[in-house]
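Two complexes come next, and they have one chain in common, chain A, joined by chain B in the first and chain C in the second.
Let's turn to the complex of A and B:
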């Protein structure tokens, strides 16, 4: 029955050529997926190392932290908000977890403390946004400054982590003899699937989209707007806690100066994934693709011998192009 | 009319500071009828409608539904009681499809553990039911999976009406449903209202458009300065009568006879004096 329904959707989408365009427009992850495929093909043809399994694993591994930050960011952007403080929130949690473990706290307790802190910051953000009706941009800009300072007040230098649980997400396994998979990848995939399910298959998910799309309509339809938005900030906070865990899995060293552009990188991934900054449109699968696009681009351009700074230029151009395309396609519609 | 009204209000009052939005208003809606509510801008039509649909809590007066006194503390209370409102701005989420919009805020979950534990939506049933409702009301769209933003104004109105019809078991209230529509689309919406009436669902139609009111309404409630000043029949009375009543140039006596008001330049100053003198 699920297949029949899917077939029905696709048949609706494919009824005419014009509708095919509409399908791409309405299914935000399709365009980015095509872009990702093109990038992979181009780098596979132009370099001889890109397609190697080790390199592909590395590409995925390098997208894990930003990809997880971007997952929380997607939820918030879907409600027409934005989170500039997500990476600062995550960094504070990495420092807390690292210092707790150094001080003798068991790893699981340190992990819980880290998750609690990022979720609490999410609660504060959501509370200010929903209760006092402050713009998310301003709230998180303030929190970014506060959290970044708090991290440096808390510890001036980086803290090495030697706890097996805290670095467990960096543990590698080899599937089918050759494919390198870290626990972090598995956890990221599970998180993406869970949130994809929650957004697309539950009433809560529909409410999140409706609240971002047309808050007044959502209210008149009986949706508890403030509660829905608050739940989004709480869940995003929890996701940032997992991102902190991912970060310690990648590099077992908590550094107050790390991930300074993590907030903007996560927004880049969301935007490249086709989610609208105006809220109410987009998907977490798009964000996954967006995060991979950035990582593929960086890896491919590095192997093609192109300098870091030019890679930044390329990413920036891509972001503007993605939003412009989105805008133009909608402009024609309206 | 010896029948019991479906929806009845007596002596409703709502004040905002010195402004009296509803000033002892009465209201009666009978089974199976289309009742038009007309009034000049600022006459308090919207406030009255909001009080009946729970969006506003009156300071005084009583509302009864099927003879039972009710007290709505919010729009959800009224909806649960079977009163559905089609708002002027329609309350639709443009990016979501028609089926999702019909069930927005009251999504159905799958039966069994998947609905209870995983909270999975019963998308199939919701789509089937949405299609049924549209079919029943003779509303044609390309697909119920179309996003609402791809629809014309009239089609959007139809979706909003369909939603009200699908859930409104007792009363459907429509606020200016034809205000933003062209001639052809207005005609379709009026036909839709007639179909709701055929199904036995009474409709309260708030409208400025006299020709539309006269085309569809069974009775006309004339609202002026926060209260009902007359109830007239579109068959026995003319548009001029109604316009005269709502501007205050005419008035209806206790015997139901419409008469001219001398010094007809009434601006409602008397009413203002009364409310301003209160505290």
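Let's turn to the complex of A and C:
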């Protein structure tokens, strides 16, 4: 169903090719996609190792954890919220799953427990935001501190994971005689497609955009604002549980000190993907592009022999440029 | 401020779909049919140029900056190429894994890594070694230690023991009343120094002589805050363990504010030039110097030798540690700060 839709979209693009400039200006997510394509081409020309199929699959693999965190983050930002605690929530779940398994709990039960915890944290966040009307920034700032401390109270040490189910997302397969994919990639693609569909093709999705755009107008038009926002935090929480599973697939070692910048990395991906921090505007596919841009830069610049401090400079410049482009395009439009 | 879009949100999905499809098509288009897995390092070349990847814990800690600069200098001197990468914070396992993967793709033949976590990077190290890349742990061991070809590091347990023995010597038989300012919970080096110190001073973790402890991540401001709070509760301390010199500086500030500097002996570890000057100026009694410059040079030398002849070092190479103080105590070998200033690292 998604593939047919995409095909239709490509044909739609052909029709509008005549006014491509107009198209780019009116569609913020196209800018990031072009930036991604340009980065890929530049690295393909300047290094002889970047444009290998297995490196491209590696780049995708490297963006899975942040990409999944950013998926939940996108939902929340679309409602004009923000989640500073998503990575801390995820890390707590990785520790819980790892410790349960070490203590003899079967892998599937540990996984469910991890998903339950992140979803519960999502419920708490959503509850505080919708019932007590606290700003999401404040709620998640507090939760960030609490969850990071909770992880260290729960275990001061990192816990190695040997359970095959918990590290299953890191399992590699080879398609068509050589394209390396991990199970994590498949899971991420499915999640992105499901949420893309839900946001762009269902009533719930329209409500999410409406609530983020103009909550009062949404309420007047009969949308249950609080319920919609709460559902977003719950789903985001569940997504962070999957992110925890992705994290164990990538590094089978739960560490209370890991992913300290995961919250900001996920916001970076969302912003690079053209989603507005003011809510109501953006898409999960843009976020996917945003997450890939960061990985492509890191991989390509490393292979070009450039040290990582300059890589961070490049990422920062891109974030500002992405938002500036977005802003300019809106100015032009108005 | 922001113009709100009145368009149907559905169009976002469509257009982004186009964007993604275009990007995928353009990427796939240029990719052609390269399907051969290529890790440059897989060809162990005798007589070749050394291409070295260095992965440290962070770029912010001056210790790792000194390590990186020493490695860079030695590589330039020997005509090797070196690419330096780092995690973004202490504990950034994912960042280190990514750095190693990208370096493998770049085609390095040696990777020097300071693992943030002794077990966090094992998988990718195994992968690298399977491709014929030599992996050397620098400064911090992996667990198990034989996951890498060789380790060039300070024996941090021994360094902790030296600090403990020195503090015990200064106390000269008085029972210790100790505060411990630790690093990051669970980090390998921090645990080794902590345990070594306790061995050296002759205490155990549950000993009542430890009046308070706090994890301060090796940061001066957190250390000062931690020490201030601990001193609020226990003023009759006579000794403070510090994980590193920024921590010792924080502890000193807290003591000075309370006028306690005369009665408390602070020990530390690192041997940065700033730390040695602090010892000279009497801010703390001693620091245990380690030798990152030597560590980096030895590792780069080994990488160059490996590229030239295929010979790999093995096992643990202790690059040594030395107590630096101007108040030597009997039974603890030490050097004075003049020697320390000639051999310290950083600025």
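Keep this in mind: the second predicted complex is superposed on the first by the 307 of 334 C-alpha atoms of A that agree within 3 Å, B and C clash if a C-alpha of one lies under 4 Å from a C-alpha of the other, contacts with A are read in each partner's own complex, and residues count from 1 in each chain.
As a convention for this text, contacts are C-beta pairs under 8 Å (C-beta built on N, C-alpha and C of every residue); 3 or more make two chains touch, one makes a residue touch a chain.
The structure displayed is predicted, hence computed values, not measured ones.
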Is A:131 touching the first partner chain B, the second partner chain C, both, or neither of them? neither
In the overlaid three-chain picture, which partner chain does A:172 touch, first (chain B) or second (chain C), both, or neither? neither
For A:213, is the partner it touches chain B (first), chain C (second), both, or none of the two (neither)? both
Does chain B (first) or chain C (second) touch A:223, or do both, or does neither? first
What is the contact status of A:285 with respect to chain B (first) and chain C (second): first, second, both, or neither? second
Identify which of chain B and chain C touches the larger number of residues of chain A. C
Of the partners chain B and chain C, which touch A:202 in the superposed model: first, second, both, neither? first
Just which bits of chain A does chain B share with chain C as contact spots? 5, 9, 12, 201, 206, 209-210, 213-214, 280-281, 333
Within the complex, which stretch of chain B touches chain A? 75-76, 79, 87, 89-96, 100, 104-107, 109, 118-121, 123-124, 143, 145, 147, 149-150
List of chain A residues in touch with chain B within their complex: 1, 5, 8-9, 12, 22, 26, 197, 201-204, 206-207, 209-210, 213-214, 216-218, 220-223, 280-281, 333
With touch defined as at the start, can you tell me which chain C residues reach chain A in the complex? 2-5, 9-10, 12-23, 26-27, 30-31, 34-38, 40, 59, 81, 83-86, 88-94, 97-99, 101-103, 105-107, 116-117, 119-123, 184-187
What part of chain A is in contact with chain C in the complex they form? 5-6, 9-10, 12-13, 23, 27, 29-30, 32-34, 36-37, 40-41, 44, 47, 49-56, 58, 62, 65, 152, 155-158, 160, 176-180, 196, 199-201, 205-206, 209-210, 213-214, 247, 250-253, 255-261, 274, 276, 278, 280-283, 285-286, 288-289, 295, 298-299, 302-303, 305-309, 312, 330, 333-334
